[in-house]
Amino acid sequence: MHIPDGYLSPSTCAVLYAGAAAGWYVALRRLKRVLLTRVIPLISVFAAFSFVVMMFNLPLPGGTTGHALGVTIAAIVLGPSGAILALSIALAIQALFFGDGGISTLGANCFNMAIVGSLVAYGAYRLMSARAAVGDRRRIIAAGIAGYVAVNAAALCAAMEFGIQPMLFHDASGTPLYAPYRLGVAIPAMMIGHLTFAGMAEAVISAGIVAYLQVADPALLSRSLTLSYTSLVGAAKLRPVASSTRRLWIAVAMLMLLTPLGILAAGTAWGEWSPAELARGASSRAAAVRSLRPEAPSGMQRLSHLWTAPFPAYAPAFVRSRGFGYLLSAMFGVGLLLCLSLAAQRVLERQRRRRAAA
Amino acid sequence: MFELREVFFDYDGVPALQGLSLDIAKGERVALLGANGSGKSTLLRLLDGLYPAAKGAVLFEGAPLTAEHLQDDSFTLPFRRRVALVFQNPDVQLFNPTVWDEVAFAPLQLRWPKEQVVARVDETLRLMGISALRERPPYRLSGGEKKRVALASVLVLDPEVLLLDEPTATLDPRSQSQVIDLIQEWKGSSRTVITATHQLEIVEDIADRIIVMEEGRVAADGATGQILGDRELLLRANLVHAHRHSHGDVTHSHPHVHSHGKHEH
Amino acid sequence: MSGRFLESTAMGFARAITRAMESERIARQRGLLQRLDPRVRVVGLLSLILAATLTRKIGVVAALFGVAVLLAILSRVSLLLLLRRVWLVVLAFTGVIALPAIFITPGTVMARTGALQVTEQGLRTATLLVLRVETAVSLCSLLVLCTPWAMVLQSLRALRLPREAVAMLAMTYRYVFLLVETASQMFESRRSRRVGILPGAEQRRMAARTAGVLLSKTVETSNEVYLAMQSRGFRGEVETLSSLHMTMWDYIGLLLFLLAGAFAAWIGR
């Protein structure tokens, strides 16, 4: 899932660098207020750990092998901010030193694996292991499922980034300039590998490590390390930090959700997902791909009117381009993801407070 | 220089120091002797202001080493320059990309002027005989080289107090004697050296006074010759073990000291 | 031997360490890139990578690939090493990914056999992708092969990357080697104790256990490192010292790199 240089256009890279930078900024701010001094060595050594875990060639049920990402265990032990930074650093070292993943695509890789991966893994693990004791079996299962979901969420992001390339960037003759496959090919191609091997590898290693830690080092599971260092500074100081970054996250999520809805131009902006396109597109493509393409669902027909309705005629031309629509739909997806994880966090917090009060 | 009064310390409830009291004067060469888990390393970390005492007081020249006090740069910066700790595991102490960066780390943190940092680092590398390693990354060094770089990385500050945690453990005999030579050479006039070790054979070379530690308390405190002569005490503190063997048909046991190279009975 | 997991992972570790040592050796040779200020190398090669991603023409990407080969020769980087470490690896990976594009990209049909058709657009997009990736990865490899890691870090700092980020990159790289060493030792001891191939489930348990031990060690090491940093006066701000200075030749080199990058991007627009 490490995207090399050359697969994504410079503008896609720039957008994803910006997205990653926002994640880094929020993560750093959360940690800085806390105690950046304390976490620099923690995150560095943990990044080294993720790096080494990525090198493990895991045997999977069925006789194949796969590589894990290590993002889930990072999110469980460090918490989301620490995991975002540790994974990003590990990815940067891989790109710079071992040529695994590109430099121009580092932003994209960090966005997919470090940011989306950490947030999904953390959210899923916390939701499923809520109120489970440190030694509870449920934690092992939660870690496995969280790993599986997180890797697949990251792979889906990567697949979407690949898939929008040929629509956005092609020359006059229609030759795709970067990754050549449309969403309809890119998504299944990416997901088959990740729904099976990579997702399973991450599930196996995450669940296995949690099971090991329950016996050998349960303190590491009781609360995230970056948070336990904050308790040294005092809970009173932490409270406002959490809520201010929460507000920032909400703003980012809302922005991402609203932008596509607000300024989306013609129905075709949804490109391949628009009913007309789904029906028409298949004929021009090779038989191999055709089978992957579903018939246009009628519900979508209605929805597309909903989306086209509010668009002003004065929207600039580029807004109407199909590629832009893909970008917006990707943003929409991410926004949705953020909202979900925020909601999850909210629920968890309420539970925690109730428990603390009891 | 250091005064400790009834000091307690624990790691998440596991006691490490239990009511330890101690005075160390300027210029003393002290060895902290004790088996694993007797609290030697913990004591060094308290003396270096890295852990605050849970109960009791640790004073450096009359100033208490408390968390609040160590937050204050006007106290901490001079304290860090004057007191230096060499960790047992050189891998945790060597975290910089090259040997040169490693030795320059402390002076840069203490905001020395640039020219002074460069001059002082080069001089230290030369004095320690590691100039040839300057561009090497620490992970590619041998155990003995790592130890020397770790020593250089604190001696660059020319500290008044040197705290050493098992400086020769895991080293081969040659590197071991090199390290001991370095410590002795550096000693000079009025400096204080406090060494935690369980290796009896190096104690005579590096200490005039021995403090024997047992379960987080001082079990004995005296001149080097006097303590090393007290086999009963060493046996009790788990520093030597009774050795059982037979001469002809007489079986007897006596304390036994393990040392590299020689085997004394 | 006790199963694929140990063998293949241990081989991966060995490869990583060999790689690092190879790089250190090449970085000390006196070639063209090695003579330039590391900041010039970073900025220069990055601008060429950017040009290679910006351009839309196969010919321009090919020319940039030629530049990479020329730089490799002038910097005494063995082409055989690049072939083994970069070109074949990329071809195997990206080649496989690009192959179906030849057949399924819609466009002018050039040849047809049964259900398969080759389009001009498909052929061009596959070539472009493979060539682009080869060029970018070659340029990036040249940077790390010709520059000691400590210097890469120094230049990143000089290029205004936040200190904390550079400090974390430095420490991570350093502790990768410590952890790889630890993991290798654990593997060795397991390997010597076991005979025969372990069942998959047992291998997985072992992998998780190794990772778990490594994790405990990670946390413990980071705690100790923090104390060691504090002991030497660390208070949260990483102070660094740059010994870099640019000569006239460095400026000329930088100018040439930037001009070449800009020219390629303009021609290939």
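Letters A, B and C name the chains as they come in the text, with residue numbers starting at 1 for each one.
The rule we apply is simple: a contact is a pair of C-beta atoms (placed from the backbone, for glycine too) under 8 Å apart; a residue touches a chain by one contact, two chains touch by 3 or more.
What you see is a predicted model, and the numbers here were worked out from it, not measured in a lab.
Comparing the chain pairs B-C and A-C, the larger number of C-beta pairs in contact belongs to A-C. Among the chains in view, C has its Cα centre nearest the centre of the complete protein Cα set.
Computed from the mean C-alpha positions, the centre of subunit A lies at a distance of 47 Å from the centre of subunit B. The geometric centre of subunit B is 41 Å away from that of subunit C, both derived from CA atoms. We define each chain's centre as the mean of its Cα atoms; on that basis subunit A and subunit C are separated by 23 Å. Residues of subunit A in contact with at least two other chains: 41.
Counting only residues that touch two or more partner chains, subunit B has 95.
In subunit C, the residues that reach two or more other chains under the touch definition are 149, 170-171, 173-175, 178, 221, 225, 229, 234-235. If you check the complex, the residues on subunit B that touch subunit C are 45, 48, 50, 73, 76-77, 80-81, 84-85, 87, 89, 91-98, 101, 104-106, 108-111, 114, 117-118, 135, 137-139, 153-154, 157. Those residues of subunit C that touch subunit A in the shared complex are 3-5, 8-9, 12-13, 16, 19-20, 23, 46, 49-50, 52-54, 56, 85-86, 90, 93-94, 98, 100-101, 103-108, 115-117, 120-122, 124-126, 128-129, 132-133, 135-137, 140-141, 144, 149, 152, 164-165, 167-176, 178-180, 183, 200-201, 203-205, 207-216, 218-219, 221-223, 225-226, 229, 234-236, 238.
Within the complex formed with subunit B, the subunit C residues making contact are 24, 148-150, 153, 170-171, 173-175, 177-178, 181, 221, 224-225, 227-235, 239-241.
The part of subunit A that touches subunit C in the complex is made up of residues 4-7, 9-10, 13, 28, 36-38, 40-49, 51-53, 55-61, 63, 65, 73, 77, 85, 89-90, 92-93, 95-99, 102-104, 166, 171, 173-181, 185, 204-205, 207-209, 211-213, 216-217, 220, 225, 284-289.
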